[in-house]
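First the structure, in the form of structure tokens, and then the observations on it.
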């Protein structure tokens, strides 16, 4: 099995805040991240699919297709956005957009599309891993069963 | 002459908006950066001083001192902040926090402190250059006379 | 178990082309990569071996030996070469040198040598993973059973 | 004055060969680069313009415009191409596409467009520097008068 | 399960030497690393914990806590030190501080603290992986059962 | 004029210490760098020459020659060495091997060789700049008249 990865970047704002807590507790737990004006990052997203290379094309997946999927499913919603205010999975549910939760959310956006393509074409790959770097020093990875 | 550089990073939000223009013109000129919810970046700041190494210490400046100056004069004001809303040189004057303007603003914060230290100690270096990376692909540099 | 990795780089040309297809289909599927004049990349190869550190030397493998194996088995054949025209596993079989196929081909070149060394010296490590970066944004990884 | 830089990348093939020399001399002078099948690189291009930020927009130049200029004037001709065979300034004149010559050639492609824009709009910046990385270890820089 | 990683750096000296061998054999096996004056590296340490994000905070672990643990348990002992002479696990046992052994040693320093925190708070994560880069070209990884 | 740069790396130990001062003052001024056991870094050296490309070869200098000069004049003396104890310009004169002083010392090692080659061959380039990175966050640059 081959694991094929495509990297993409997006710039977004966020803050960490729990409405059920008083301001003091938010500041104690979340420190400078509790600033409600928001701050931001250049996020790097690494999307890994796993499968066998097609014997004719040598592709596990067509990387142009994968790039388009990442842009349509994730970057169109996250890039140049305020994650807490504009991205539904965080805004609607008050889910805090930590690096961990962004990795899970990106997986949930990508997995049905990659799986549907694989079911339509048995040679296609499955989503294997989503890694999100908040900075070069901090990253979170969510893995499926592969 | 030796040019000595210390790099630091900060994470901040910003947007591009001119109050004198209608929303349509802001969107036309600034594109996705005109989103008033803000978006953000991991900025990298490179501060360069120029001078002769001290013959006893081998230092152009003490890098611990330079690191403290950068943290106190720039990072304390910019890191984990919304540049348009919380940083005086942008908020008060409605100056747009482009990479170019951030480089000039950081120079203006650092130059008096570095110059005052040089005047108090003739062997100290002068501020030579401030470079700001908004992303690894975009950076602006402001240079003094050295 | 420890996983020890050595990185190396090589510069090579390639193109994507299937002789069984008309030019139009090659251009449709492979886009700009179908240019028969070729284009090229600075590839990065990461070779990972897995094993226990030798209690005397602290080595899973001698990294000088591993560097020599990578240079002799892979770089001597790939570096400053046109993969489609000069590298046997691609040229002879018309196998398209995608990042995925390069990772598999490098594994096949390295694995017998690493395994033979391990069989001659029971403390030596087995090949665990080969990762190939075509650009910093695209990489493929092939893993053995470890 | 502010120096504003935009980075871009392209992947291309090249070789080093002087038709006036016998093969032996080409191999002696150019080593592995004399392989006529070509080899390739992921080139990084850094384009720097210099000027004063516009007081209204905060822009030295509009970076979307600069990105478009780089793509239209340089990347459209160089990316996924064989520099010796397909790029006119190298192919027609048998000029060897060394890193040095690529930096000069990119300057010549970009300078008239940047200068014409500056003449049409006195606040615009002039081209200041073009840097080309052949690998992370080798780069050439061509500077104008700024 | 989410894998969350924090990167840190330290600068240290080391050499490779086995007291049970004559100098000639040390030089033959360890090459330039056998220089008893020592040489040094900027090491990068990546510490990965694995767990479920806390539904309230979105944290697998508090990254400020993890940073403090890394600094207290590893960097305080290794940074700006001579590993062979000053770090007990290498100095006392004459264990050679290869990249492999540093990865294992860092794991042993970190694992009890991370595990104790997890036992005190059932939502906390377990230590999953420690990776040490000696240079950008050489790294070793030690993994627990996750 | 073209500025052509070749990057190289070396790993070395050093400490900061002034024999004329008591231990307390060394520790106060130099902090953790005053540890006499030494600590180390992966240094990156960037050597820039300036000149006109040769019209036949397209070379400002032959990069293989420049690489050999760097290895013979600098790396052979500095790599895998203790700068304070084994490198004459620091050991003999008790000059402290700060990043600033290493940049000057590398210039003095390289400049006569590059200048002599230029005088023997009028098309050759002159040494323009030496930059030394102690870490990715700290670097010093020494420039000649070009």
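Just so it is clear, A, B, C, D, E and F label the chains in written order, and each chain counts residues from 1 on its own.
The rule is short, and it goes like this: contacts are C-beta pairs under 8 Å (C-beta built on N, C-alpha and C of every residue); 3 or more make two chains touch, one makes a residue touch a chain.
Owing to the predicted nature of the structure, the values given are computational and were not obtained by experimental measurement.
Among the remaining chains, those touching chain C as well as chain E are A. In summary, the chains found to touch both chain B and chain F are D. Interface chain E/chain F: over half of the residue numbers present appear on both copies, so the contact uses mostly the same residues. Comparing the CA-atom centres of all chains against that of chain F, the greatest distance is found for A. To find the repeat of C-E among E-F, B-F or A-B, check which pair has over half of the same contact pairs by residue number; it is B-F. Taking C-D and A-C together, the chain pair joined by more C-beta contacts is C-D. Rounded to a whole number, the gap between the C-alpha centres of chain D and chain E is 43 angstrom. Separating the centre of chain A from that of chain D, both taken as means of CA atoms, is a distance of 34 Å.
Distance from the chain A centre to the chain E centre is 29 Å, each centre being the mean of its Cα atoms. In chain F, the positions touching at least two other chains are 136. Under the contact rule stated at the top, the pairs of chains that touch are A-B, A-C, A-E, B-D, B-F, C-D, C-E, D-F, E-F. The touching residues of chain F, counted against chain E in their complex, run 9, 11-14, 32-33, 35, 37-42, 79-82, 85-86, 135-136. Considering their complex, residues 16, 18, 20, 29-31, 95-101, 103-104, 136-143 of chain D touch chain F.
Those residues of chain C whose C-beta lies close enough to touch chain E in the complex are 1-8, 53, 56-60, 62-64.
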